[in-house]
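In the two complexes that follow, chain A is the common piece, with chain B as its partner first and chain C second.
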Partner chain A sequence: MIKEKSAVLPVNEFNQPDKGVSLTLDAWRRLKKNHMAMAGLVLVIFFILISVLAPVLPIYSYTEQVIDHQYLPPSLTKNAGQLYYERTLGQMNALAEKEKRDLNQEELAALEQIKYRIANETAVINGKEVKVHERRYLFGTDYLGRDMLARVIYGGQISIAIGFVGTITSVLIGIVLGAIAGYLGGKVDYIIMRIVDVIYGLPYMMLVIIFMAIFGRNIINLFVALAVVSWLTVARVVRGQIMSLKNSEFVEAARSSGASTTRIIFRHLLPNTLGVIIVFSTLRIPTFIMLEAFLSFLGLGISAPLASWGSLVGHAVDGMNLYPWRLFFPAAAMTLFLFGMNFLGDGLRDAFDPQGKNKF
Partner chain B sequence: MKKICLFILIISVLFSAFFVSCKKEAEEKGGGGELVVWNQAEPQSLDWHLIEGVPEHRIYYSLGEGLVSSDPETAEPVPGVAESWEIDPTGTKITFKLRKTTWSDGVPITAQTFVDSWLRILDPKTAAPYAWFPGDLIKGAGDFMEGTAGPESVGIRAVDDYTFEVTLVGAMPAAVSAMSHYAFAIVPLHKIKENPDSWTMPENYVGNGPFVLDEWKPQEILSVKKNDKYWDKKNVKLDRVVYIPTDDDNVGFNMYLNGEVDWAPEVPLEQLDAVKLRDDYVVAPYLGVYYYIFQVEKPPVNDVRVRKALSMALDRKTLVEKVTAAGETAGYSMVPPMAGYDPTPGIGEDLAKAKQLLAEAGYPDGKGFPKLEILYNTSDRHLKIAEFIQEQWEKNLGIKCELVNQEWKTYLDTRKQGEFMVARAGWIADYPDPSTFLDMFGSGKAMNGGKYSNKEFDELIGKASTMKPGPERFAALRKAEDIFITQDQGVMPIYHYVSQSMIDTTKWGGWYPNAMDWHPTKTIYKK
Partner chain C sequence: MSTALLEVKNLKMHFPIEEGLLFKKQVGAIRAIDGISFEIKAGETLGLVGESGCGKSTTARTIAQLYKATEGEIIFNGRDLASLDSRELLSERKNIQMVFQDPYASLNPRMTVTEIIAEPLIIFKNRGLMTISKKEITERAEFLMEKVGLSSFFRNRYPHEFSGGQRQRIGIARALALNPKLILADEPVSALDVSIQAQILNLLADLQSEYNLTYLFIAHDLAVIEYISTRVAVMYLGKIVEVSSSKVIYKKPLHPYTEALLSAAPIPDPEIEKKRKRIVLSGDVPSPDRARTGCYFYDRCPKKMEICKNNIPELTETGEGHHVACFLYFSP
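Coming up: the complex of A and B.
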């Protein structure tokens, strides 16, 4: 009888089962109450889904150029043919107005020809013959007649990938080195932390640029370059956490029952620092996206025809007074994602913060 | 509430101060004859022997003057320091009569100044980027540059104080015109001796142009004022010329739109739609060619069939009409059309033939074709053109390309060393003659990064350089161009340039569009 009772879940004073509240579960409960953070989470998941599903979504290719359709404004109702005709007509009218005349024969003939082509022209895209002027551009087109919607989505794929991959790599490096330094202490700690100090002292952007210049420009190198210079803060944070935990009772217990150093670090200490790391990582992702945007803006990021939000914005700045949609959509997508990520990060910080813990 | 009031007060004070300062600036500008030029880049140097760019050339027109200057309308040579010149019947010796004039500090300029200055640019120790220009033109100069002969062997001589004699390698018809270029500039050697490192600073600066250096704040402003010692100062109308070095196209262009700049020598690609409707937009044919250069030693472009296929599979007409869109002409020849010279027709465009050639080279439908790298220097214009070509080659030939962009100086190095497959390039005539477009592709020439080499081509170019001006010379150059483009496709010409400027010609006189895009500031005046 007694034996059985001890196997049963603990109950509270109202005889309800009293489940233990883990830190993660606790944090999740508190996060659910934070509306901004939840909105951020939904937004982030939405963006990630769109990016991952990009190849199967019914969107145009992001490299397909329909050169007639350059600089078409975004439209929900009109198809490309109508917009193309309007744009050409607008240009001709403006020119005629400047020269104080009506449209001449030549221009009228050109317009007729465009009308004919809009009605009849076909093109083979992805092996299918389609009426090319019936395409619809919800976000408008760019200087080579490429669909901005597709470019923003594929741009997001790259930007988000850089955010996550960069963060994960830098966090992994940072955790391992920070944990080793913090737990072992002494000379190991000294050497690792002095290396961190030295790299901290070097100009950050410069390192990335030099790295890209030496190893060549491709996405993998961009990931590596960004990760290599950004694990420093993680290492410091993790080291601090580990140092404050390493003399606590549960570590003593583990050690006295004969656990190895590796096991103590990775099984006992790290899970306890996870909260800090998760928060730090979420706040880190936007930084990476901004960094990539900055590099792309300088022309050092990814190489064409690939696009990232940063490169799209960078190239759109030139004509922003004439073709504002080219700037607006990638900028809006990026801003929304960064907002989402920051709200989520803030929410997580509050949720994981033991000081602000309110009992459920 | 109090705080808000204070805040509003501060803001309004700041704003009014801002407007007042703007107004003041505008008034000052209206007063004297001051031309503000958006100069696109910070000059490398004001030592004319150490420069190689167009922005520096614009400053050279104000601060320096060689034997001849150029006519603002036709870009033909007009007297500069030389009053007159005579070309001997063989066309290889030119005798210049110099006028009695001085540097801005009163030290006289003599024929010896020219001898000393030209030897300085040719001297390998100066490491002048443009030394090859006089080096190719003047007899014996090449040997002196390579160190195999002394300065006495260079074909320049001061006959007396005011007679200067130049012996050329051959009868180059545009030789006198070439001498308006800064590679033939004189520099104040007496000042350089005093301050070898800081003679280009405003406090030490001595020049012989229509203007002298007034103020130079790097990355901010460079201004010049009228030179009192200039021989033709009564015909210099402007009091000051200000050069703004901003290298961002949009910033420069917006400065023009706001009236902060009077002359913008470039228009951002994306503004063309709006700019074309303006009256102050000046477009003129420009002796220049935009082309892709092949590294002919690197597979797969070492195969002439591949090069021809690539060239034939590009729709240049759409490119110039839709992408560059400023009135450039599709180019199939290295030499743009110019008076008296009929450029090679090239091989044109033919998609079916291109596919056939590619198949013959062993890549039917682009199968097995290695990834082609296209190198270009970082710029929106080059990126757009490269993206267009990338898509064309992929669609038409099934060839995948990778775009590699490098910053200008790195790109120049990479190109000169031939570390590329296909690279973007452009060439602007240094003087109005077809040879300026062809000379540099001779075997082993420093600028020939594509490593193109053909004996017959070398011979024809060599022959043309010693021939007298006239149809036979042009025939020889034409034959060389035929071999280079139509037969070997050493490079792939894409389009021939137009020059684009924004300047209100109802306000400014003495500025004319011309085929070299040379605009001496000496003749510009405010109407």
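Coming up: the complex of A and C.
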């Protein structure tokens, strides 16, 4: 029995083609051992999933205004009607106490009417008739009675999109120009790098603000403006990498067998700078989100009714003491995402550069 | 006398030294190769020796057209490579392949072995110079792996999963992919352990007899050169000082530099090693950044004469197939 079985099994590992372990696979294995980075990765994936799935999630519309529900605090147990009633009652009590009296007839009648409305009022939302006061706001509402949960999720969608699209655009521009400068060298290199130096010297925030002011505030312009000022570092990094690789023997080997410049750059040089580029991009995404937040905070970013984490925080600052939840939730969402992204980036750097000195 | 496969005539490779920011001015040149001529006959191995920085590797790279020669002709198969247009040059590259020194740097770490070996084939296919199917390319790569002594089961591995000797075999397989006539081996064994060196040398010798290859074999290890070469050329400061068959040159070196070079090689026998007389040259190799009017070896030559100061000795035949550039053996 045993003999038969061993005849079926491979004799040793050399009688069948074995799978190679690429450097990328190797890096992934190292990354998997890094708990902080994996936690970051899970967090990032969670955020991305939520943003992508936002239209099908059971959340309210982020534009739907319910004027009665202004500034409702977050609550897990009470629905909007209860909170609305409590708040009105509280306001009336406070007024009565100030005037040193009990609630008068008029106020009691108003309360009765609110009770009646809470029990019976309906509204048509998305073609469906719903009891509007039975809504629940886990994250509270803003100054127009819009659901903060929905706004944080849709805001995250835009913030994350800006982070990724901005990074991808800037990395693409940077890779192409950096690779050309680094590989061709000479005058081309000189001209490209001097342009980079000049743009570096300008205050980039001002460039973005001027760009947005000239071309108008919309989301595409925001992408373009951010990409235009942020490819510089990528170009420098890629150029340095390419310069250090272009005289290596494997490139000479390719040249001596007649490989074209394009093939050398895209098949030999860029794959070998990929690790650096990936790490750089991951650490770049948080910067973009912060930049967008900063612009939105200044009122130059996203315009209503769209929201981003930055614009939500910006609007929330006004009533920070009275309605802290409006500030807390978008800020917390943004912080968590940036945490995740940074841990992931650090982990990737360690994974791609196992000999690196900058470990935890 | 069989015809020469490769003939190099008065080849010069000067690397410019430039100054200035945007508008560069050439202020001088590193004369890496300063007028060398030699020929390699089909099927033979020409060993090229010399100390570091004498222009050995530059010679190989210039022949492979990785550098554009400053002056001179590189006649391969009756055609001057330096004057070919890029299309003709590409088809000629098929016959000239290189094996590199550093087995760690000469393989792209992000490609599998199959991709590395098949790369020349893929390039020629993409450029329309070769009709070969994907399957044939894979088969050829596997065949070559077996040929150089690697199991084709390793075809999906990456270079970092191999040892130095195995990597050098991959490099050789890549050089063989296009069925070349001439292989420029740029110190193919100097980065390897001595035991592995022997294996690689034997592999190269076997491949040579099987495929009738011609080698230009560069090394600084004299024993390696003696083992593999049919003829030996000795270089000093961008010039060839002596060319002869390897049997003759090791027994009876003529040029003072060759004598000094050979006397520096240790002999693996303690008795003889003790009696060995070394010719120790004074000074360092001068910088190759200026034009010379006298013998290139004049500064350090133990046998220098008045005539050497202002006359450059040309490579001249003194015996059968023995060329030397020294006024001790002829007068200008």
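One rule holds for everything that comes next: the second predicted complex is superposed on the first by the 334 of 360 C-alpha atoms of A that agree within 3 Å, B and C clash if a C-alpha of one lies under 4 Å from a C-alpha of the other, contacts with A are read in each partner's own complex, and residues count from 1 in each chain.
Throughout what follows, contacts are C-beta pairs under 8 Å (C-beta built on N, C-alpha and C of every residue); 3 or more make two chains touch, one makes a residue touch a chain.
None of the values given here were measured: they were computed from a predicted structure.
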Go through the superposed model and pick first if A:L23 touches only chain B, second if only chain C, both, or neither. second
Using the touch definition from the top, say if A:A259 reaches chain B (first), chain C (second), both or neither.
second
- Considering only the touch criterion stated at the top, classify A:N272 as touching first (chain B), second (chain C), both, or neither. second
Should A:K187 be classified as contacting the first partner (chain B), the second (chain C), both, or neither? second
* Can A:S248 be said to touch chain B (first), chain C (second), both, or neither? -> second
Dual-contact residues of chain A, meaning touching chain B and chain C, are none
Residue positions on chain A within touch of chain B in the complex are 63, 65, 67-68, 70-71, 91, 94-95, 98, 143-144, 213, 217, 299, 303-305, 315, 317-319, 321-323
So, in the complex, the side of chain A touching chain C is made of residues 14-24, 187, 190, 248-250, 252-260, 263, 268, 271-272, 274
Contacts from chain B onto chain A in the complex sit at residues 249-250, 268-271, 273-274, 276-277, 279, 318, 322-323, 378, 380, 383-384, 386-388, 390-391, 402-405, 410
Within the complex, chain A is touched by chain C residues 21-22, 61, 64-66, 90, 93, 96-98, 100-102, 105-113, 119-120, 123-124, 126-127, 151-158, 160-161, 171, 174, 177-178
